[in-house]
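Next, two complexes with chain A in common: one pairs it with chain B, the other with chain C.
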Partner chain A sequence: MLDFLQAVSDGMLFGATYALIGIGFTLVFGVMHKLNLSYAAASIGAAYSGLLILKVFAAAPAWAVFLSAFVGGGVIGYLVYLTCFHFIPLSNPLAPLMSTVGMFLLIDEVIVHATNGMPQNYPAMFDDVMIRAGGYTLRGDLLLVFGLSVLCMIGLLALLYRTKLGLATRAVSQQPVAAQLCGIRVARVNAMTFVVTGLVGGIAGAMMGAAVGALSPVLTAPLTVKGLIVTVIGGLGSIPGAIIAGLLVGGLENVFQLYRGVTERDLYVMLLLFVFLVFRPGGIFTAKSGRD
Partner chain B sequence: MKKLALAVSLALATTGVALAQEKTIKIAGFGAKTGPVRSFGVNSEAAMLAAADVINKQGGVRLADGSKAKMVVEFYDDRCTAEEGISIIRRVHGTDALVAVGPTCSNVAEPLYGILQKKADDKSDSGLQMPIFTDVAVKGGLAKISEWAFRNVPSEMTMYSSLFYWLKSKYPNAQTIYGGVEEDFAHSRASWYAVMKDRAEANGYKVLGNSKWLLADSNFATQVREMKNANADIVAIAAHPFTTCGVLKEMQRQGVKPKVLIGLTSSSSMETMQGCAKQAEGMIIPTSFAPVTKDGKFAAETTAKFKGSADLHSMAAWENMFILKDVIESEKVAGTKGELQADRRKIRDGLAKLKETKGLLGVTKRTDDREADKPYLFVHAAKGEWKVLHNPL
Partner chain C sequence: MEFYYGLAQIVGVHTLLGLSAYIVLLTGQVTMAQAAFFGIGAYVAGMLTVLAGWHIVPALGASAVMGSATACAVGFPALRVKGLMLVVATLAFGEGVRLFFFNFDYQIARGDLKLGPVGSEGFRQIRYFPEHGWTTGEVMLFIWVFVVLVMAVLWWFDRSRYGSVLRAVGEDELAAQSVGINLTAVKVSAMTIGGAIAGLGGGIFAHYTTHIEHSNFNVLVATFAIAYPIVGGLSNVFGTLAAVIFVQAFLIEGLRDLGDWRNLLFGALIVLAMNLRPHGLFGKRRGSSHA
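Let's turn to the complex of A and B:
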């Protein structure tokens, strides 16, 4: 029983990183109805960019690296928008999809060439904190990841429902033509969406690096798959859905691993995805509003 | 006008002489220069270029007619995928390259050897007749697939056998061992199940079990908990640097401190130090290279000038270049276009004849199944560096 509880809590806490990635996927999809498949790679790229601060200040603390990754994520997000969406005919749904696949591979290879594929040590906060209750333990650094993802969700919801940018974003998401007729600059809103999701991605990448303790380009592909699964299970376009699905997938993944082993683990996660696609294709939280 | 014609003739004659002097012997290199194992390809290429540079500065390689030729290296990126590796070798076969050195990954080497002619004299076998001299792919016993396949990689079976034997005397109280294995990587898997586990049992250790993870995994909490519950005296991690680091960091968090920590041969590289030097402190790994000899230091320094780092894999590529030079000279390779296939056969036969070769740690014995029995030593991670712990030879 203890093993089960431990596996669930470890997985759920680690699932917070999946949730953050899911948020990025879902936000772009919610606003533009497009999938940005380079998002997880960009997030890991942002985490790498956070390490650049260590080149200037070797003794920079972990929070400075995270902050640097956060800013880097915003910059990369804007660049992804420019290269994969702004100049691409969005009327053809395949064009931006393929451009983001290309961007995914490009970011991956840039990382590989910059580091020769070598894993990079990544700083963490509270990694020496371990909350113990008998044989049960909770990792301090994962609690931070969990807390940050909850904060991100609150921040994003506040941005969407309490600011002019949020109002414009929701307007573009629901009625892009009407929003344009009302004087909202759709391209600017789309760009801002990418910057915001990039910032979240920067945190997600940094938290992933901190949770593992090292960064490697091998993380990009599995994180993309996990992010997409979380987005579908949570409900395309739903931020709370992405959070819940992230925790659910993280927890179940660990339970599957505990009882069926690592080689079967992903098999059951995929089955879970199919179950949702068949019985609840809209995900846990189906988006209420439609779009023209 | 006459003067001009004379000058042109002289210039042409001089160029002709220069061209005649610039004979070249092309060696193809191939390995992963894309993806997470890029550093292996980068280091192998640097070592091959560095070795060729040294050979060429010493005058080059002597051909059958007594003339000298420069060694030229052309390196290809196989991306650690079998289809790319096979495609490269088919392409290289169509060029004037005499021999290919590579690949990085065992999952490339195994199918690649499969497209070569099985037996060198079997006329009914239309397999590729191209000598391959592998420097990195380390999964045991692969060269027996084809008589055109040769390897200069260490025998993990011998090295881990020797390591466990040595540990018996060094840590007499250590009785049990627990393994951690990267389940989806050919080398790691083979190293745990067929080598480490087997050799540990043969040396009297009780194997308490093993935990598994995948190459791209990022959460090792469950596996390390299993490791902790087993409470073994020795923990052996058969994984590449990224997941090795992930597991070591999780071991630190969960307070798993075995008496002895053993790593995979491929992890005795700078990658592990870059990813988790602090957590790897004390980890013992057998390796077929450390810059402890004069030749070894020179090879490492020269390779560094070509932006590569010296480890057991890249230094095998360095050794291969010098072995090939000796074989080309002893087998009287012509180095002409017309003799290309005959020269390849000479190199194959020359490599097959070798009973021993000169290595950077000492003499390497060649086995009948075209593998190497290389000298080795044990290194351990100490203050961010790999330092020699014991030389069993």
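Let's turn to the complex of A and C:
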């Protein structure tokens, strides 16, 4: 029983990063009705870009690495928007999907090229802190991962519901034509969505690196699949859904790992998705039927 | 000459993979599960020829049937969800199948040799062609007979009523439904045919490489499957063939001298191609298909 609780809590703390990736997919989907398949790769790429600061200041502390991953995420997000969406007509459903796939491969290869395919160590904070209660432990670094992710979510929700940019973003996601008629520059809102999701992705990637202790380009494909599963289970376009689904997937994944081993773990996560697709295809929070 | 025969084999198998996604894409659905059907076909055909001692042609038939049966079974629940959700569902299904093969052990002792798939090590010694003394040229001809056959069938579909129905669903679901087309039947039938083609391609793939493992059927392969028809354009089957030749012969073999820069160029070229020719390199410009 203790093992079970431990697995659930560790998994849920780590699942916060899945929730962030899910939010990124969901936001872009909500605003543009497009899937940005390069998002998880871009997030890992942003986490790598955080390591660049160690090249300049070899003694840079972990928070500086996280911060530069955050900034790097925003820059990469904007580049992804420019290269994969800006010049492609929105009416074409296949071309932007394919261009983000190309971007995914490109980011993967840039990482492999820059690091010679070797996994890179990633700094963590509070990794020596252990909070104990009986036989039950909470790892300090995982708590930080969870805390930072929650901060990120709060910041994002504040941005969406308390600022003009957020209002414009929600307007475009509901009715792009009406929003444009009200004088909102749709292209700019779309670009900002990519920058914001990029920033979030940067944090998610850095937190993943900090929790695992290392980064490797092999992480990108499974993270893409997990992020998409979280998005679907939460309900496409729903941010609270993505948060809950992220924690759910993280927790369950760790439980599956405890009982069935690491090689079979992901198989059960896929099954979980199919259970949702069959019994609740709209996800936990079915988005109100919007445009189209 | 052997090299070019080998290249032609690769192009043939990848054309089958691309065509399996082509017919599904005609209905406007994006499927990321083609690598899974490809893998199922590969394992089925390999196990039938190696473990059960079948002749290769019925084994390929069986892999096509298995591929189409799985595709049909996946199609029903997956097509309840629309458009982008299908991408996710099929992506997860594909990863699920890959993980299944990653954990799949089934070995039979044959003499002093143990044959059959072993989890992460994969399935070795699918030696039907060398055991029966087929030369590389003969194998290539064998593969291309199937490729030409599949292309001919799809070409004929395009000219028949069925092809128009597929494209009608792809262009505008609502309009297609309002003239009495059963959307689910059309989509599931396209998935089923696509699954059969992918299964066939997988069966051939298993036999010319002689060694298959779970990583042969990962997300990257699924991506390639939809990349060929999208990059080539959906106007006809030759777009897919041209894209396969462009990617496999030019980008992968032709640019081999560039070393690992080639891989960087590959992603960048896809992005560039989609920016310049959103309807595919050889596709004709249509009006906006989705409002």
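Basically, the second predicted complex is superposed on the first by the 290 of 292 C-alpha atoms of A that agree within 3 Å, B and C clash if a C-alpha of one lies under 4 Å from a C-alpha of the other, contacts with A are read in each partner's own complex, and residues count from 1 in each chain.
Throughout what follows, a contact is a pair of C-beta atoms (placed from the backbone, for glycine too) under 8 Å apart; a residue touches a chain by one contact, two chains touch by 3 or more.
Not measured: the values here are computed from a predicted model.
A.B. asks: Output check: A:T263 vs chain B and chain C. Expected answer is one of first, second, both, neither. What do you get?
C.D. replies: both
A.B. asks: A:T231 contacts which: chain B (first), chain C (second), both, neither?
C.D. replies: second
A.B. asks: Looking at A:H113, would you say it contacts chain B, chain C, both, or neither? Reply first, second, both or neither.
C.D. replies: A:H113: touches chain B and chain C.
A.B. asks: Counting only touches as set out at the top, which of chain B and chain C does A:A221 meet: first, second, both, neither?
C.D. replies: Once the two structures are laid over each other on A, A:A221 reaches both partners.
A.B. asks: Touch check for A:A95: first (chain B), second (chain C), both, or neither?
C.D. replies: Second partner only, chain C.
A.B. asks: Report the partner of chain A that touches more of its residues: chain B or chain C.
C.D. replies: Counted on chain A, the partner with more touching residues turns out to be C.
A.B. asks: May I ask you to decide whether A:F14 touches chain B, chain C, both, or neither, giving the answer as first, second, both or neither?
C.D. replies: It touches chain B, and chain C stays clear.
A.B. asks: Can you list the residues of chain A that meet both chain B and chain C?
C.D. replies: The overlap between the chain B and chain C interfaces on chain A comprises residues 109, 112-113, 221-222, 263.
A.B. asks: So in the complex, the part of chain A that touches chain B is made up of which residues?
C.D. replies: Contacts found on chain A: 3, 6-7, 10-11, 14, 109, 112-113, 116-121, 127, 130, 137, 139, 208, 211-214, 216-219, 221-222, 253-254, 257-258, 261-263.
A.B. asks: Spell out the part of chain A that touches chain C in their complex, as residue ranges.
C.D. replies: 29, 33-35, 83-84, 87-89, 91-99, 101-110, 112-113, 221-222, 224-225, 228-229, 231-232, 236, 263-264, 266-267, 270-271, 273-274, 277-278, 281, 292
A.B. asks: Quick one: which bits of chain B touch chain A in the complex? Just the residue numbers, please.
C.D. replies: Residues 34-39, 42, 183-184, 212-219, 221-223, 225, 241-242, 245-246, 249-250, 253-254, 270-271, 274-277, 279 of chain B touch chain A in their complex.
A.B. asks: Can you check the complex and tell me which residues of chain C touch chain A?
C.D. replies: Contacts found on chain C: 25, 28, 30, 77-78, 80-81, 83-85, 87-89, 91-93, 95-96, 99-100, 102-103, 119-120, 218-220, 223, 226-227, 230-231, 260-261, 263-264, 266-271, 273-275, 278-279, 288-291.
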